[in-house]
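As structure tokens, here come the structures.
Both complexes shown next keep chain A, but they swap its partner, so chain B is in the first and chain C is in the second.
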Partner chain A sequence: MSAETAGPETLGHLSDEPKGEDPGTKGRTITGKSPMRIAMGRLLRDKIALVCMAVVLFFVLIAVFAGPLQKLFGVSTETVLPSQFLNLDLTPKAEYGPPYGPLTMEHPFGIAPRTATDNLAFWLEGAQNSLQIAAIATVLAMLLGVTLGLLGGFLGGAVDRFLTFVTDFFLTLPFILAALTIAPIINERFRDSPNYATVQVVALIGVLAGFGWMSVARLIRGEVLSLREREFVQAARVMGMPTGRLLIKELLPNLVAPIVVASSLMLPAFVSAEAGLAFLGIGVTTRPSWGQTLNQGISFFETYPLYLYQPLIGIVLLVLALNLLGDALRDALDPKTRR
Partner chain B sequence: MFAYIVKRLLAGIVVMLLVSLSIFLLFWYGPSEPARAICDTKTSQRCTPAKLEVFTEELGYNNAWYTEFPEYVGGIFTGRDITIASQTTRCDAPCLGLSYKNGKPVWDEMKGRLPATFSVAIGGAFLYLLLGVPLGVAAARRRGTVADKSLVSSFLVLSSVPYYLFALLTFLYFSVLFEAPFIGNPGYVPFTESPSGWVGGLALAWICLGIFGCTQYTRYSRGAMVEALSEDYVRTAKAKGLPQREVVYKHALRAALVPVVTIFGIDFGTLLAGTIFTEKIFDIDGIGLWALLAVGQKDLPIVQATALFAAVALILSNLLVDLLYSVLDPRVRLS
Partner chain C sequence: MRRTKPLAALAVASLLALAACGSGDGPGEGTEGSFGETDAGKDKDPNAEGPAPEVEGAESGGTITVFLPGDYGPDDLDPTNGWSVTGNSIQQALTSRSLTQYRVDSDGNATLVPDLAVDLGQPNDDYTQWTFQLRDNASWEDGSPITAEEVAFGIARSMDSTAFPGGPGTEYSTQFFAGADEFEGPYTDKDTDWTEWEGVEFDNDANTVTINMSKSFPDMDYWGAFMAIGPAPLGKASNPPAYGQNIMSNGPYKVESFKAQDELVLVKNDQWDPESDPARHQYADKFIFKFNADPDQTDQIMLSDNTESQTAISNDLSASSYQKALDTLGDRLVQQSAQCTGFLYPDYEKTDMAFRKAIAYGYPYEDVWAATGQVPGVTRVQANSIMPPGMAGKPDYFVDGEAFSYDPEKAKELLAESEVEPLYSAIYYEPDPLAVAGAKVAQKGLEEAGFTVKYTPVQESPYSTWTNPDDKLNKSLTVRGVNWCSDWPSGSTFIPSLFRGGATYNTGGFQEDEIDEMIADVPSLPIEEQADAWGDIDEKIMTEFFPAIPVNYYNNLFTFGSKIGNPSGDEALGAPNYKNVFVMQ
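Now for the complex of A and B:
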């Protein structure tokens, strides 16, 4: 915005000049860029963001192709008769890889102490498990948060007060405690159920999403509060647009940037939470999770540090890349940052 | 001001009732056979359906929740008698039920574990401020320099790593692989028993919490300080020729501390509510570790009690922050 277009001079301007002739645009073609394209351009110039994107892409590919990759390396998480692979102190025998032997192609990451599971297969499935749970939980939490934020912010009044109270109420409950409380109940209730594995994962996703939506709801509510006073919303209202359509067609497109940023920061939080709960033994127990290896690895750390480092490096790389990418996205989408 | 406090207190009580009701209902309707765990213990794993029914009846699970909930709440304030396996135990106030595993009142054991959690929380929270605020102030004063930029970016990376991994690595390297000097084995030793053992046993946990937690405080106090340093009154203070130190610490810092105090209150509440990761990794016998063990043993009254305790700790700290905020910030007080 230049100084000439603002101020009292513009009034005279309008009456003097023939309409449709803006002196600034004469003689050169205007190339319009959508805000998304500007953001993409900024993101692609950001070297850290590019590296992070590559890391994230790597993990996504691993998660998607965990099954075929296991076949490719000829490994699987199933082990028949673990004791034949193990020494008496439950560490793997030297011929199956570290810590006492060299790495073998049969088990590229070695095998686990105690259970003798192949580490690569476990790691791949752990990546899949982690990203799957985090992604589904993020989508659910965003849906919940955006819906409640939109409704509360736009409708105002009693609805807003009620939703704000619910949001604050959920904010007072720490999510780790909720997971801790819900875990024994799920265990007890579905102990003998054939779908126990599914129930556990669904419950975990439920806890993550159920205690992750509040920050989004607050953020969206705040944005909506300022957006709803803008002219385009009032115009739509005056034209008689139904509320539902107004929310989706007019408000939602203006909320894309905060939604993208919030989800990109929520994903690593959930990846980290999933592994953390599995580490405590109150997360996923029926299928491979990186957190389980962390817990198992503590007692073998002195003899077999590599075992602990595999999930650790996985978690750190994934969470760090996602977090930094989220920060880069925020900078890229924010029209106020000028570079 | 008075109306505000009363309003906040009432809201706090309502929230506390709601939370305890939700926790109670969760444990009431959640498990399909809530008496199973105690039945297994009392009959040494030979629980028949008939015996299970007896225990279910005794524990009151056949009654409606709205008759049992007031009893549970009443027990917290006045204590009550609980009969398990035709053996009546007096459970004194604050009664949080009896443990299914050993039949003792939950509060008795909780009392013994509170000091450990308090110790972790106090030390950790102290380091949050001790490390976080001076670093934030120093960074704000040197805004834009290499030192500031490297501090900010390294803290960004550090705070992006999950806390439990940071704690786990600290534990493994400074306790398992190399014994850190002057620090004993991690674990809780009562302060009254041996002050040096208390410090030594908790030092690693404190340092871990402090270093990781202070990143947030550095960020906040740096932000608040940068803002405060550009205020008019700071310029005035400088213009009147006050020494730099006095301008920074007396004028700017006082204003910058208000938002920091808010987060600090909530963080302290969260620490009190249970430092589960810290307690598990550093093997400190506090509330968090206890809750975790109880989950493994399906000892529902303990899990319920820890959940209730944590929720109350959080709500109270939120309340306290709100009240404190109204004292510190005149804008809140007057609105």
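Now for the complex of A and C:
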């Protein structure tokens, strides 16, 4: 995504100055606390953050245990021959659940119009695919962005100018257009492959990560530019520490806060991007996806609104929770934005 | 002509829902699937005269809005280039006249009647020369009379396959008109003046046009109902492609504005003389066609009965709204059969008859229709023969004594008899989610019937794979498909295109010399025997060789606003009957 996930101006560093003015410590014996512990303490006092964490945890558990959960409910994403389950307007018959009948234990979320597949199974696997794709894409985008940001910021000179150019170049490419163009090309190329389904997922992750790393690279570069002039870096240099070690041992630990905040804001962006692409029909077509279900649900909104609401609630809850959690993390890690 | 929405792969972006013409016996009767017998091929009235009979209760005035959901409409309005159901149904009814036309009466029967000609043409004994006497009182929108020379020039334009690659002339004019070898059309052939071309002669004083054929062409009167066989202004005024954006009308309406893929506005043409036209009316003041309308939005508008929808027509209805429309619209929901058949076409060389019949029993017809958003028994009806209902000479037979239905056990038995590997290798159009769902369901059904299924996604229209003999993927397929619609109600626009050895849309590569000879012989038969001859060939191909599985016939659903008078379909074109609708004041 070329959209800004987090701006450098709103991200601070962990302050290593004593927290004398912290209200939590007033009137007590001053004890040493690591910056991370201070942040955790702030986070745990944030009620919204806790609720969001619970929601995110819920979805993560669903994603991890999608398979066993389907077995537990006795449902599956298997294709069925639909006509026996459907009314004339292609909505499910009353005995199979909504919209004309009550929910049944066989299909706790009902069955889909047109294809008559089980909604719960599709919802669970949709959550799994959504989180899986977004998480892998976030990790990849982070790796790429942090590496390039570190190198550019620390080495400076020609390397920096080149990397900045590449970053800016990628920022100029419109994400949706690029995805629209790339997806069919990749699909066409690998259509005969027995691993077509995997290729499609990998391609989607590639597109998401390939267009999502730039903001991180710029953010990290900026941070590194200020850090590299600090005394501890100078000292390490004087001692003859090799560049690689210096980057990883000295600089990286000081960048944990912005990285955590940026990833926590990138994740929801990718979840919605994945759903958006699937909605447009260019994301994953071989696996269940919330975006696909949304697209199919639109025509049935009037007769069978529940079918549209299921993926919608999934996406809204997950994206909202992840975003609020990201904000809470930023607040916790950055003393300057205390609420 | 082929339908661009292939089996289980209806392209959302299909630009031309090609095909037109033919007449049936009224709308199909839905769930029963009984389309009725036909006398459509013989429905001709050479003596019909203008003005057209008044529609009962018709009133003048008002504006009619026509929504065309998911339908991009024509890219240009040039009559010579028109070969799509959408474009032809609008223009032939309202703006562009030709030699002949269809009149749809109150019972829904389409009859071939004269248009610019005073009769349906005078053929010679072997149908190699047709003479049309033109009427004197027809005129262009600027008031100038339509001359024989202009009609002849229009016919000469239809020879130009380079300037109009998508026009119907590429199929009929170049094949049947004399001198096709020497004349490539007025825009491509700079050496020959079109008046020197032997294919058409005109006499401005006698007001006649004579068309010479290279071979017997008894269906010239039907071909004359295409707007491509109509007049064009002489000289530069009608040069393509500019003319296609700014045509000169001669029907009851003229073009006020046209934005391709968006909107077409037609207003009354005051130079059109009702006395000169046996089938058209000029009731509404204005027609507004909205191309590529949003399907769900359109359904909501049409079902809401608000002021906007009371004078609107939609030429499509989503399956999800079908039940509600059925309950609320009454006879304002019109089910219109289109003269089309969809086939699965297994590779003739790679498969044997037992394999092909196994597909006929192993393909889950109704389930695929449901998954692709069609209403089983309403918009899709099981097919039993090559020729669709409403076509002259359509035989009534079942290959195995009764209709094929999904029967996995039977399919397994047949597969055991078959000597070829039970590999069902086919393609589907991936950008459309409905096509993906359809392919999944078909795969499930066929696997249960004992097939090994290999479905490969494609990103372009499946036809670009199926019709490309050098395509590697195409060579690997064991089953292809084709959906075909007739251009007029004769087997000659259907069977040769699909079952003649080497024909472009013979996607299964069916080739039997015996059948090729029978096809070649039909045009030399007496005209009244031809319809039945096509029917015999249909039955012979299917019972003796069974090269393709006829999967379904098509029905369209049209909805009409509550203030639209005479809600009905035009069975000749498979479109709403624009000629006869009016606004009730």
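FYI, the second predicted complex is superposed on the first by the 305 of 339 C-alpha atoms of A that agree within 3 Å, B and C clash if a C-alpha of one lies under 4 Å from a C-alpha of the other, contacts with A are read in each partner's own complex, and residues count from 1 in each chain.
We take it that contacts are C-beta pairs under 8 Å (C-beta built on N, C-alpha and C of every residue); 3 or more make two chains touch, one makes a residue touch a chain.
Everything numeric in this text was worked out from a predicted model, so none of it was measured.
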Fit or clash between chain C and chain B when superposed on chain A: clash
Contacts of A:302 with chain B and chain C, given as first, second, both or neither: both
Contacts of A:83 with chain B and chain C, given as first, second, both or neither: second
First, second, both or neither for A:188, with chain B first and chain C second: both
Which of chain B and chain C A:160 touches, first, second, both or neither: neither
Chain B versus chain C as contact partner of A:281, first or second or both or neither: both
First (chain B), second (chain C), both or neither touched by A:174: first
First, second, both or neither for A:331, with chain B first and chain C second: neither
Segment of chain B intruding into chain C (one of 40-48, 94-102, 130-138 or 166-174): 40-48
Overlap of chain C and chain B interfaces on chain A (superposed complexes): 184, 187-188, 281-282, 298, 301-302
Of chain C, residues touching chain A in the complex: 295-296, 300, 318-324, 326, 364, 366-367, 369-371, 373, 375-376, 378, 406, 430-434, 436-437, 440-441, 443-445, 456-459, 473
Residue numbers on chain A that touch chain C, as the complex places them: 78-83, 86-91, 113-116, 184, 187-188, 191-192, 196, 281-282, 285, 292, 295-296, 298-303
Partner chain A, residues of chain B touching it in the complex: 15, 18-19, 23, 26-27, 30-34, 36-37, 156-157, 160-162, 164-165, 168-169, 172, 176-177, 270, 273-274, 276-277, 280, 291-292, 294-296, 298, 300, 303-304, 306-307, 310-311, 314-315, 318
Chain B-facing residues of chain A, complex: 168-169, 172-174, 176-177, 180-185, 187-189, 268, 272, 275-276, 279-282, 294, 298, 301-302, 308, 312, 315-316, 319-320, 323-324, 327
